[in-house]
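See structure below.
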Amino acid sequence: MYMESLISFIVTEYNYSAALILIMIGMYGMIAKNNLLKKVIGMSIFQSAIILFYISIGYKGGASIPIIKHGSGMADHAAIDPTLYVNPLPHVLMLTAIVVGVATLGVALAILQKIYRVHGTIEEDEILESLKE
Amino acid sequence: MKRLTLFLVVLLGAYLVWTTQDLPDWGDPASPANSYLSTHYIKKAYEETSVPNLVTAVLADYRGYDTMFETVVVFCAGLAVLTILRRTKRKHKKNVKFRPQREGVDIILQNAARLMIAPMQLFALYVIAHGHHSPGGGFQGGVILGASFILLALAYDLKSTLRRFKENTVLFYSGLGVLIYAGIGVISLVLGGNFLAYAAWGGLLGISEVEAHSYGMLGVEIGVAFTVMAIMFSLYLDLASGGDLDEGL
Amino acid sequence: MDHLPFISAAPALAILVSLAAVPLIALSSKIPNLREFWTLAAGVVKLLLVLSMAGWILAGNTYVYEIWDILPGLSLKLRVDGFGMLFALVASTLWIVTSIYSIGYMRSENEHAQTRFFCFFAVALSATIGVAFAGNLLTLYLFYEKLSLSTYPLVTHHQDREGRGGGRKYLTYLLGTSIGLALPAMLITYHLTGSLEFSSLGVFPETVSKSTLVVLLLMFMFGFSKAGLMPFHSWLPGAMVAPTPVSALLHAVAVVKVGVFSVLRVLTGIFGIDLLAGQDLNTIVCGVAAFTVIVSSCIALSQDNLKRLLAFSTVGQLAYIILGAGLATKLGVTGSMLHISMHAYSKITLFFCAGAIFVATGKKYISQMVGIGKRMPVTMFAFFVGSLGVIGLPPAGGFISKLIMVRGALDADMAWVLGVYLTSSFLNAAYFLPIVYRAFFCTADESMFEDKVSEAPIFCWLPPVITATISVVLFFCPWLYLGFANVMFQ
Amino acid sequence: MNLYGSLLWQFDLLIIPMVIICAIAALTIRDLLSATVVFGAYSFLMCLLWTEMLAVDVAFTEAAVGAGVSTILMVATALHIKRKSKD
Amino acid sequence: MMSAQAPILILLIPLLCGLAITLVAQKSKNLAFFLILIGMIGSFSAACSTLIQVLQGSAPIHYRLGGWPPPFGIELVIDHLNAMVLFIVSGSALLTAVYSRNTVIVEIPDRVHHYYTLYALLVSGLLGMVATGDAFNLYVLLEISALSSYALLARGRGLAYLSTFKYIIIGTIGASFYLLGVGYLYIKTGTLNMADLSQMLASPDMKESVSIKTGFVLIIIGVWVKMGFFPLHGWLPNCYSRASTTTSCLIAPLMTKVSIYVMIRLMFSVFSVDYVFNTLQFQQAVVWMACIAIVAGSISALAQQDLKRMLCYIVLAEVGYMVGGVWLMNSNGFAGAVYHIMSDVMMTLCLFMAVGAVIYKTGDSSLESMRGIFRKMPVTATAFLIGGFSIIGIPPTCGFFSKWYLITGAVETGQYHFMIALLFSSLVNAVLFFRIIEIGFFNRFDDSGHGIHQKFEFSEAPVMMLAPMLICAASLLVIGLYTSFILRNIVQWTIPAGL
């Protein structure tokens, strides 16, 4: 009984859980990693995991890609059955999020290169060491 | 410190995973997210905009304001990297220790690139233009366009690429793209509609309002493509050369 | 009060006059005579404005003027009643006298930054009048803070290390207590009563518990630390680093009296004397004040620096005034209001004399002043009259106010307060009279001054003579001030 | 138990562990160049996952941006700095 | 017709001007400055027009972007609260733009036009965040302002790159938390429009939902990261104090205040008073955290030897004021917080401008650089003084009145610890500013402890820096004197129902 509900939980929600686990991996990388590039990688993982979360929201069992079938044979203004197409809204939102992700990545990498040029290293502890001297 | 972070992260993760039991089942067509706004878009978008790709319709029209700022984000990132990294004086050159060295000229690579670039760009244009009917649109096409220039720079070298596509031109295109997008919005504003209300274009172009939506979207997708292409290339330029546009990877 | 309040901009004008003088003073910084003309002119105009209201006030009217609607339900408001009028009159007459004196003092000492001095002097005066005419507690607080800040450059005028220390102490005590104690007390009062208007009946409803009242009372008394109640008194001796005219006006009249005035306003206008007496809060007020009276007088006995002695004497006299109000009887409060003016004239005389001595001889310490009376008889005679006023002996005005307060103590059946009064007067006599005695009566070889020492410039000795004269005149006809004080209880 | 599993949910179960493994690997590999390449693989797997969830536009973008340009930018940076990481 | 379009013009004009700078002003620094000025003036006048419209009408202005009706398209919703914030944000951006004339050329000589483009983008991002009525759109604009601020902050002094990198990491965590929280809301309600969300969230089973609660917490944490609320504040002082003068003038006052606005908007326009304070039980804890933020911010400010760092810690303490005020759960505290948004923008701006002028003239930002300031730069010193008085809370500057309301709110709900924290911070601020005033007022001493009255060269900052600074200083007094007007006509309308 208990086991069954657990399995049902896993089966019905595993995609969300996967996204959340990835979010946590990314967050751990961002906070705990010593190497700044690793932090950036963690950041990208974090962001794409959130995108996964949103995409999971938009998925519909038994539906097709969100492009209306049209042209020959399909009446233009016939009533469209919403169950046939997956939810387009999360996709739209996540296109934006991907772009934001790459933008942030670019800026972070630029600053990273600058830091390397100034401090000669991108290990956080070494930078802090060099500041103390 | 690391242990503590790990512990906290695991704790937070476990809590968040636990909360998912409250969420609707994955893939449930009747979940609120899949039924409320989404149903409206699926039912009405084609009728209202004559664009069958729902993602494009929602992206460039219903939520066109978001997308404009998304383009601005790209533009902003390009400028940010430029402002942070770009140097015109080369006094710091000695500090760059691990500068990648280019050894010789790889003829196979160059010829392969030469063969590929033209189809790539053609495909990119197709992606932009056909975004109404198939997956794709300004972003994807723009990225592919940008990638074609990156490929050129990788196969040849940065300087010869820059001769074809000057840095100032890159910046000009990036600004131009956003300007096209915002300009379409402003013109609809001047034509008496709200900002980005493509329907206002109908009278000007002599087409129905529904068609005007479709054309408006094409226009903004082109704008997006300009900006994304230029900025993707510009990001590569600055990051690969460390900011002095001297030598790439 | 039967009469309707009289709506007029006169109180606001009286405040603005000295503010308006500030740009004029600043602009004429290159021409000292013109600069000082503006100062004096503003003083005279202010005095005339204040006097023009006196008749109506004596007839039992009040002037009301709403300056600005600053918070919903709480506006910046001026209201002139007898008590405010009394204080404003004291401050504006003494401003003129002090201006004359400071012209003499600053010029003969050749002080730097005189323009700044006169500017901030004018600002401080407008703040003082503002406190006097404040129509509610918020307005009072606003002008109170303005006074603290505008006097800082005056206290630290010399810009030396001593000045920095004194100034630091000055602001720490004044701002610290006003923000830390008076402001929250005001807010809690507002929360409890919904009003900050002064009313002779008090504003607190009966539901407020006694413990809350006690806490609020203490917060107000110590919050307005310009009143110098111990343990928040030590800024006053510290602030004596200022040039003498500043000490004279600010620490005999403006600053400290503003503190006392604020405390009295709160006691009579926010708490109300009926509440004080009824809830037995007056014992607390009297206890705190009596402690300060006795302790500060004892400290004054041991001082050698004349200005520090005067400072501690001021602390004692201020507590004396609060003690009078703490009796919570009509006579006690009348006496303490009256003592504000009497003490002001006497104490400023003493400060002027100390400054004149410093100008003429450069001496600061009492032990160096033996025999000075023979060289500077006018100054020292004024000093004598001033000290009589502080001690409370005829023929100086201080006698009258002290007499009324003593009668108030008898009325209130608080015999121990009577003891405090008498002890304090004895102590006052003990530290003042020896100075005068040794100044006049000493053998020739004891005298520390040579023949060439003579009176200070006329600008320096005339003002103390004037104030001493006023002090004596007030003994014979205190009716004006008494009238103002009595109006409060009609 | 109501299963709305995707068209290829077995496929889904195959990719998700791989994505997680790639994510962990990208964070733990000490050679930064390898880490960025593994990160490129992560992006690509992610893109597959989205395709399989019928988000074609997003997958297309991620293939071009995430697996393509982002990886190039990271490689470019990794080549400009010391390749070895301490953790 | 134009007035109907005013809401979009507020952020569109700076955006277009920013683009124009990139396109045409590559060569000319003067043209870039001219264009940014045009953009800011246009934005400010549009904001004024919107504010007037809001004040005249009683209902909020809805602007449909693309002409689509609200839940389907994005809309701008402008009510009293954000009309006020738009006005103050565009106004201070205009002042900073004027101020930047001299500093930018000195501090970022090579990239003036890019700097100004990013400046315009940041401002339009902030304005967009304030104007929007859509939860996801807020995220996009948040990222625009974040990205442009990364670039602006990175071009700072000293270790600016390092602190900016930290800010990127922390800021991304914050923004992503916000995004995740919006995801939780979307998954349960299926909508992103704020008004629509609040209707959906009003139903009883939503109130009990764990995921909605999680969504709320994630969103609030995300916003707190952005405003630097205790204990998520570590990045802020380093980042803002190392920024260049113009950048810190622009970002330090605006970023935190806009985040506060976002917090208020989300708490009361998306969720409801009942939900935030009755269903969730965080109220006490948040007020305690605000108290700690205030006390910790003030004490850290006291420990600083650098003027800008000191101001940054004061900003942190002020964030505590506003968060605490909002979470006090009564109308006076809320009014105080909203009023404080307005006054705090102006007073931090005033102080940062004054300090910027000192740095511009002396090249030094330590406390000692203020020595002799009252003689050398009397106008700057006056502005600094007024700003300082306002931070301390001396009447009639506006800082006093916001404190008045915050304390009244604390007293009314019996949360005396918040009152004590506020008073403590006032006292510490008094010490802080009088320490500086003392340094500025006294000269060096000679051996006997007397001041050396050397002749200082009268060396005031340029007019372009002084004028905005003085306007700021004057506005502190004006806002203070018009408190009653502002409260009656604006703040009173912003108080959410049920508070």
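When the chains are written out, they are named A, B, C, D and E in that same order, and each has its own residue count from 1.
Note that in this section a contact is a pair of C-beta atoms (placed from the backbone, for glycine too) under 8 Å apart; a residue touches a chain by one contact, two chains touch by 3 or more.
What you see is a predicted model; the values in this text were computed from it and never measured.
**Student:** Could you give the fewest steps needed to travel from chain D to chain E through chains in contact?
**Tutor:** Tracing touching chains, the least step count from chain D to chain E comes to 2.
**Student:** From the Cα centroids, identify the chain that ends up most central relative to all protein Cα atoms.
**Tutor:** E
**Student:** Report the chain whose mean Cα position is at the greatest distance from that of chain C.
**Tutor:** Of all the other chains, the one whose centre lies farthest from chain C is D.
**Student:** Can you compute the centre-to-centre distance for chain A and chain D, using the mean CA position of each chain? Integer Å is fine.
**Tutor:** 10
**Student:** How many Å are there between the centre of chain B and the centre of chain C, using C-alpha atoms for each centre?
**Tutor:** 74
**Student:** Using mean C-alpha positions as chain centres, tell me how far chain B is from chain E in Å, no decimals.
**Tutor:** 31
**Student:** Using mean CA coordinates as chain centres, what's the chain B-chain D distance in Å?
**Tutor:** About 19 Å, centre to centre.
**Student:** Could you pull out the residues of chain A that touch at least 2 other chains?
**Tutor:** Counting only residues that touch two or more other chains, chain A contributes 12, 14-15, 21, 23, 27-28, 31, 56-63, 65-67, 86, 89-91, 93, 95-96, 99-100, 102-104, 106-107, 109, 111-114.
**Student:** For chain B, which residues are shared contacts with two or more other chains?
**Tutor:** 16, 20-21, 23, 25-29, 31, 33-35, 37-38, 41, 53, 55, 59, 63, 66, 70, 73, 76-77, 80-81, 84, 96, 135, 139, 235, 239, 242
**Student:** Would you please write down the residue numbers of chain E that are in contact with two or more other chains?
**Tutor:** 136, 140, 143, 147, 150-151, 154, 161, 186-187, 192
**Student:** Every pair of chains that touch: which are they?
**Tutor:** Applying the touch rule to all chain pairs gives A-B, A-D, A-E, B-D, B-E, C-E.
**Student:** Please name which positions on chain B make contact with chain E in the complex.
**Tutor:** 15-16, 19-24, 31-38, 40-41, 61-66, 69-70, 72-73, 75-77, 79-84, 86, 88, 168, 171-172, 174-176, 178-179, 182, 185-186, 189, 192-200
**Student:** Hey, which residues of chain A end up touching chain D in the complex?
**Tutor:** Where chain A meets chain D, its residues are 4, 7-8, 11-12, 14-15, 18, 21-22, 25-26, 28-29, 33-35, 37-38, 40-42, 44-45, 48-49, 51-52, 55-56, 58-67, 86, 90-91, 94-95, 98-99, 101-102, 105-106, 109, 112-113, 116, 121-123, 125.
**Student:** Could you please specify the touching residues of chain A with respect to chain E in the complex?
**Tutor:** 23, 27, 30-31, 36, 39, 43, 46-47, 50, 53-54, 57, 89-90, 93, 96-97, 100, 103-104, 107-108, 111-112, 114-115, 118-119, 127, 131
**Student:** Which residues of chain A touch chain B once you look at their complex with the stated criterion?
**Tutor:** Residues 9, 12-17, 20-21, 23-24, 27-28, 31-32, 56-63, 65-70, 76-77, 79-80, 82-83, 85-93, 95-96, 99-100, 102-104, 106-107, 109-111, 113-114, 117, 120 of chain A touch chain B in their complex.
**Student:** For chain E, which residues are in contact with chain B within the complex?
**Tutor:** Going through chain E, the ones touching chain B are 1, 5, 8, 12, 15-16, 19, 22-23, 26, 63-68, 71-74, 108, 110-111, 114-115, 117-118, 121, 124-125, 128, 134, 136-137, 140-141, 143-144, 147-148, 150-151, 154-155, 161, 184, 186-192, 200, 209-211, 214.
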